[in-house]
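This is the structure, below, for whatever I ask next.
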Amino acid sequence: MNDKKSWRGTWQAWLYLMPAVMIVAVFGLYPVIHALDLSLHVRYDYYRNLVFERGLDNYVFIVQDPEFRLALRNTLLLVAVVVPVSMAASLAIAYFLHTRTFLSRWVQPAFFLPLAASVLAAALTWRWLFHTEYGAANAALTAIGLPAVGWLTSPEWALPSLVLFSVWHSLGYNILLFLVGMQAIPPQYDRAARIDGASGWQRFRRITAPMLGPVFYYVSIVSVVHAFMTFDEAFALFGGERAGPMDRALTIVYYAFRKFYSEAEYGIASAAAYAGFLLVFALTLVQLKMNDRRGR
Amino acid sequence: MRGTDENMRVKSFSNQIGRRAGLLLDAFVCALGAAMLFPFLWMAEISLRSGDQTMSPRLLASFPLEWSNYRIVWETLPLARYFGNSLLVVATSVAFGTIVTICAAFAFTHFTFYGRKILLAALLGTLMIPEQLLLIPNYMTVAALGWTDRYAALAVPWMTNAFAVFYLVQVFSAVPREYRFAARADGAKPSAFLWRVIVPLSKSSILTLALLKSIANWNAYLWPLIVTNSKEMRTLPVGLLAFSTEAGTSYELLMAVSVILVVPMVFLYFIVQKHLVQAVPSVENLKNES
Amino acid sequence: MEVSLNGLSVAYGERTVVADLTAAIASGELVALLGPSGCGKSTTLLAVAGLLNPSFGSVRFDGRSMNEVPTELRDVGMVFQQYSLYPHMTVYDNIAFPLTMKKWPKADIRRRVDELAELLRIGELLARRPDRLSGGQQQRAAIARALAKRPKLLLMDEPFSHLDSSLRLELREEFRFLQQSFGITTLFVTHDQEEALSLSDRIMVMADGTMLQYDTPEQVYHRPSSRRAAEIAGHPPMNFLEVEGRPWTLGARAEDWLLADEDSALVRGRIAAIEKTGKDTLLKVRAPSALLRVYASPEWPVAVGQEIGLRVRPGRAHWFDSGSGERLAAEPERIQAESGGGIR
């Protein structure tokens, strides 16, 4: 790379950049602004593409809408449970894969495979597993003497079912990230600790965990955002008009989607989606602040 | 240092309790691994059941295996069309997308130009944006472009993104600068350098990226759902989704379609998996050093 | 082709790495850029190549300024310390690469590559990839590639540093022979002063981004223009002694000392260590104000801890100004001889 900016270099560089920049600008950046604008469309004619009035009415609406409130509650619950559980589990599993290399070669594919499979296909299978009368889950429960449960049919169990599915689905990616993070730690530290007589748990706590700081941090942010914007899993699992019995698995994005796709209320939908985005963004900033204060 | 890695590992579990705990841990994680795979095994198994046995919670409810399910779904649903659509979309999107990403990453790593910093920052910014937010406005954009129900809508938006570009930027940055110097002294223009030196040297990473893109693209169901109206334009996942509302209790047929959806990607996964752990942002991707 | 540097300065951001270099390299000359790490020699080389842009001054090829000419058009061949060869191409493809870029017909390329391979003695290795070659073979191939397009200028950045010493010698000699037969102007960066002294027509001694001396190897070795230049060229490093009460520094190389008795000794000290390296015996002598490294002749009686008196071989002393480090005229010797050893 030349150490001087030049117009010639600039022209050439932009030529190479053009296609990618255009795609990202049109489909990655512009939509953010557009979404904000859409959320402000109060009265409009969709087919003739006319907007008559802009304002914050949509936001007012969703704040007052009990459906949205339910979605918000569900989403927060989801995040509160899925993220810690998933992160703890993936950390443990990643540590195992990292240290027991012999076995991990065989077990690794098992954890990463779900990453390659469509969430829809997986959800449909879980739908079967969770079937109230015939599902294997209930069969297993009754086999050990516990009562069968209406996984996808009863209001109390709808969200837990989603939680279970979400955790299962999220493990692959989180494990991958942790594993990579662990492999980036120079092995000398661990070896030195071993020579000093530290046990497995001690080594993990004193050596591995602290050095995983940045990775942990990154995974937590990504997990929170993903859980907050859960939709794929919910829609695939419950599929359709009602997000589970009495909407008990309704998430913010699910709400937005429904408003958009089924009710053609794209203004409200955008407002809901944007509100969700702002909330999770705020959450991320909080996490950033917390890490700053703690780490240093 | 005394002994090899393996020796040291064995040594740490040399006491009774340590070894037992180690084995317990092994068993536990293996069980967990099985739990992860479990649903897929079920999926395959159910797809091979005969209709009357579908709703049985027992494993291997019907024996012999009912392969006819596959034939049934292939004939009753326009699966060939769906499969073909998915294939076409993935192939074009990934092929063009990879080229586009390569070019962009090359620009960032090997040119100094006005606007580089800003562009990098903007790209970084997009990383923070959850894709669900983009769904509705992108649909509007696509509709405005007249791409609804056309392949362009399915292929173009996902051709490249910040992750892909940053990944390749990292890979390209790891190429020692002497090669650039040598190439320039040899009279190579930037394009020659890119396609004859950088790309061959980064082959494995580029391939990994392409495969990851393929998997993501193939599995996408939400965007294709929104963007297509007609049956003929459906991709496989959307076809599966549509079928799931019609199938009712014919889970065996549903699972058959699911298996058809999943298998190609599992296949692709096994190809990628060797490189997978290095694919996530990490340092050394070049195996060929003199 | 003649190359000239005209007030060449190169900066990285705020830092000036090379300052105001002016020198002329004659056609067919092999000039070594010699200096410690960080002295700016590689930077200078890259600037001549056009890979770095000068912040001031210019590089001229046959009088023509190259400031606006990109590397690709400068007709230079380059060899690096490592990563010279493209690892994913065979040796043949590597050497052929510059010719492919020039769009030569295949037959001509074949002929040229074979010709070079024979010259560099790597004919049987053409189908191999670089990772299956030894270091020496790789550098031969790299040199072949650099020469393939018959460049007007050859630029080399410590090409032999990574090689074993025996290999280095062999490759050095072969390369020098080739360079002279082709008469190709060459700029050669090295931190190995022995390499510079044995290979080059002229040496450009550099330190801290400036040129200290630009002269033939003999001159650089026997008449270093400054203390710093004397330090850089020559191994073991030159010994320096301060003159008491005067702003003079005496320099004498390890091989220029004679055994002396009480009266004629310039300096007295105790032998701290003796290193025997085959043909040489190197003494480390602890004098009151300096640690001297001195080569002992075979007949000297030496033992660790022994007292020893030394004087400099007549005509071999170098005098430098204590402040500026610049070389002085011979005057001070006379004064010193008269005052009879006020050296500390």
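A, B and C label the chains in the order they appear, each numbered from 1.
Definition applied: contacts are C-beta pairs under 8 Å (C-beta built on N, C-alpha and C of every residue); 3 or more make two chains touch, one makes a residue touch a chain.
As the structure is a computational prediction, the values presented were derived from the model and not from experiment.
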Point out which chain occupies the most central position, where each centre is the mean of Cα atoms. B
Just the chain pair, please, that has the highest number of C-beta contacts. A-B
Mean-CA-position distance for subunit C and subunit B (Å): 54
Counting in whole Å, what is the centre-to-centre distance of subunit A and subunit B, each centre being its mean C-alpha position? 16
Distance from subunit C to subunit A - Cα centre to Cα centre, in angstrom: 60
Touching at least two other chains at once: which residues of subunit A meet that condition? 2-4
So which bits of subunit C are touching at least two other chains? 51
Considering subunit B alone, which of its residues make contact with at least two other chains? none
Complex contacts: residues of subunit B adjacent to subunit C: 176, 178-179, 181-189, 192, 196-197, 200-201, 203, 288-290
Of subunit B, residues touching subunit A in the complex: 1, 8-9, 12, 18, 22, 25-26, 29-30, 32-37, 39-40, 42-43, 46, 55-59, 100-101, 103-104, 106-116, 119, 122-123, 125-126, 128-130, 132-138, 140-141, 156-162, 165, 177, 180, 190, 215, 218-219, 221-222, 226, 237, 240-241, 244-245, 251, 254-255, 258-259, 261-262, 265-266, 268-270, 273, 276-277, 280-283
Residues of subunit A defined as touching subunit B within the complex: 1-7, 9-10, 12-14, 16-17, 19-21, 23-24, 26-32, 34-35, 38, 89, 93, 96-97, 99-100, 103, 107-122, 124-126, 128-129, 131, 133-136, 138-139, 168, 171-172, 176-177, 179-180, 183-184, 191, 194, 199-200, 225-226, 228-229, 231-232, 235-236, 239-240, 253, 256-257, 260-261, 266, 269-270, 273-274, 276-277, 280-281, 284
Name, in rising order, each residue of subunit C that touches subunit B in their complex. 46, 49-51, 70-74, 76-78, 80, 82-89, 97-98, 101-102, 130-131, 133, 138, 145-146, 149, 155
